[in-house]
Amino acid sequence: MNEILIERDRDIATVILNRPDKLNAMTRPMWRGLGEAFEALSAEDDIRCIIVRGAGTRAFSPGNDIAEFATERSNKAQGIDYGRDMYRTAAQIAACRHPVVAQIHGICVGGGLEIAALADLRICGESSRFGAPIKNLGLVMAYAEMAPLVQLVGRSIALEILLEGRIFDAQEARDKGLVTRIVADDQVAAETLATARRIADGAPLVARWHKQFARRLGNPAPISDIENDACFDCFDTEDFRIGYAAFLAKQPPTFTGH
Amino acid sequence: MNEILIERDRDIATVILNRPDKLNAMTRPMWRGLGEAFEALSAEDDIRCIIVRGAGTRAFSPGNDIAEFATERSNKAQGIDYGRDMYRTAAQIAACRHPVVAQIHGICVGGGLEIAALADLRICGESSRFGAPIKNLGLVMAYAEMAPLVQLVGRSIALEILLEGRIFDAQEARDKGLVTRIVADDQVAAETLATARRIADGAPLVARWHKQFARRLGNPAPISDIENDACFDCFDTEDFRIGYAAFLAKQPPTFTGH
Amino acid sequence: MNEILIERDRDIATVILNRPDKLNAMTRPMWRGLGEAFEALSAEDDIRCIIVRGAGTRAFSPGNDIAEFATERSNKAQGIDYGRDMYRTAAQIAACRHPVVAQIHGICVGGGLEIAALADLRICGESSRFGAPIKNLGLVMAYAEMAPLVQLVGRSIALEILLEGRIFDAQEARDKGLVTRIVADDQVAAETLATARRIADGAPLVARWHKQFARRLGNPAPISDIENDACFDCFDTEDFRIGYAAFLAKQPPTFTGH
């Protein structure tokens, strides 16, 4: 069975962490497969939004499978090696051109939380649970894992999560800025799809530029004149003609991605 | 009719986006006038707080007037040219020495939201509505427009707003960190004035220093010894004598700005 | 009477601002003593968490004792000199290897708020009150004082606090991100201790690494390969063996700090 599945519904792709008998606990092959899935989907021009979720509704993912520690992560050298796979995947998700929405059912902990933090939006159910209790294992969240969490919730909340190691509920996750919105458990899939649809109905080049700009603004180097001027490439796109005409006609636009 | 009005009430100035028949939609001359208003007021030593608002109570501003696209923003070259006016204005508001409070009635969308994000505090009414649905037009929010929004609410929420393009209510705006506080619709003017009064009653040089320091701390370059020592210039001001004496006398201080 | 007290309960130390007759208002000797206390405790390997609190339950601290202004802070040169003591203390708290939890009863204002902002977590009671009304004194919060506040709540909220100078309640402090959590007034000590216990029960090296990593991520310089690889030192610790064995045995781990 393929433990990373890709499903498609027109312009929306869904990447599934598919190991439901283990609550979608991540293994090294899954990390690799997850990164490859995002890299491949990122290259496709016809995709406008990617949903990432766990199989079933019991868990997004509880993080890394502890069973691998004995063989794959038993010392520093192995840890570095395994970590490189995780970081490449994190970089592949972060670099994805298309907007990413995490559909979170149930448990979203440790490495699962890290994957969710790499998405652009996070929709969860009322009974979802969050945390990163790795202090109980004697392990740290390395820079490449911690940075997206700090980016999302700030240094202080990220540190609270790691120092206390509590598992907390959806409401606290929202108060902490970890999730974009909470819906009833049986509405998580519908709200995620509606969100993906809202995103996919916008001009796709615009979504990609906004992702790219948001990332660039995280770099303190001054924006150059060339970069500033490139923000106006949108005025020469076919989609601007379409959007403008639709606005005047009071019709919803149908964008082409050109 | 002047589409950017300046009103004064002693040490508080109010800048009004004054095009109520178009819900205060911004035109190029208005952007220019807005920047000139802030530059002029910034230079005045007797001003202690600036309120920025739209005329009437239906809207702060819905953003740029779409009617201008046909003639002023129909391609990349025009977009760059128009954008330069917007960015100069954004820089003039951001560089204003005096504290700025946005008084938000009704619609605060797109370019209107960008103006509000450049203020230091934002007071809105319960029925205010927010958003930046430019993905429907096929246009992006350029770096200079997006940066104040990212500064205000963080990268993730800024991106959510731009990718989904939803219009959302005051409560969600507050949850997102977009507004400082919400009051009943008929209290927006009174609370804004009370806020401006609280600010204006403080030592004016202190307010200017705090604005300058907050901005400087956004620059990751280390603070120099000279900069650190300049933080103590306040101890040689007349206003410190006044503030200290008032504290001992248990009286409210009356600062002179010296 | 020693105005900075250190109490110990096994692996948890409590630093007390001990001037209850003055609501624990800070004096220059107290700033020095506070920094020295943190520097000394930081060096102790057996400490796993530090609580910082004011004596009694009326106040954490209202900030600096105004009485000192006449003799110690009456002009710029004295202000710089006094400030150096404050900043050294702030640097000593920030550099502390061990997690720090602020236990906040009552008033937490000005310099008191600055001390609380330097802690990693902040637990307060429902009747706690916060603010930094130094604009009424004609004085500024210097860069070294303002930076931890900006780090904690962002530039916009820090500026709101300083420009308006309002004193606000615990709920608003939590909404602003100033406090980690609010409990009933008579539960502040118990919840702080439970939090410190959760932290202290984790692997101590992990807590120290997480603090160090969180701080490092505030520096925009790219993380080097050497730094990234050092994140895996945890895999060679005794505590990882202990944590992993405890996980498999479904027992709580008892870490040694090695």
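Note that the chains take the letters A, B and C in the order they are written out, and that residue 1 is the start of every chain.
By definition in this document, a contact is a pair of C-beta atoms (placed from the backbone, for glycine too) under 8 Å apart; a residue touches a chain by one contact, two chains touch by 3 or more.
Just so it is clear, the structure is predicted and the values come from calculations on it, not from any experiment.
Rounded to a multiple of 5, the Cα-based rotation taking subunit A onto subunit B is 120 degrees. For the self-contact between subunit B and subunit C, the two sides draw on mostly distinct residue numbers; the shared fraction is below half.
Chain geometry summary: the mean Cα position of subunit B and that of subunit C are 32 Å apart. The set of subunit B residues that touch two or more partner chains comprises 154, 220. Put simply, subunit C touches subunit A in their complex at residues 99, 120-121, 151-152, 154, 177, 180, 195, 198-199, 202-203, 205-207, 209-211, 213-218, 220, 223, 227-229, 231-237, 239-244, 246-248, 252-253, 255. Contacts from subunit B toward subunit A in the complex involve residues 66, 69, 73-76, 78-80, 83, 87, 134-144, 146-147, 150, 154-160, 162-166, 219-220.
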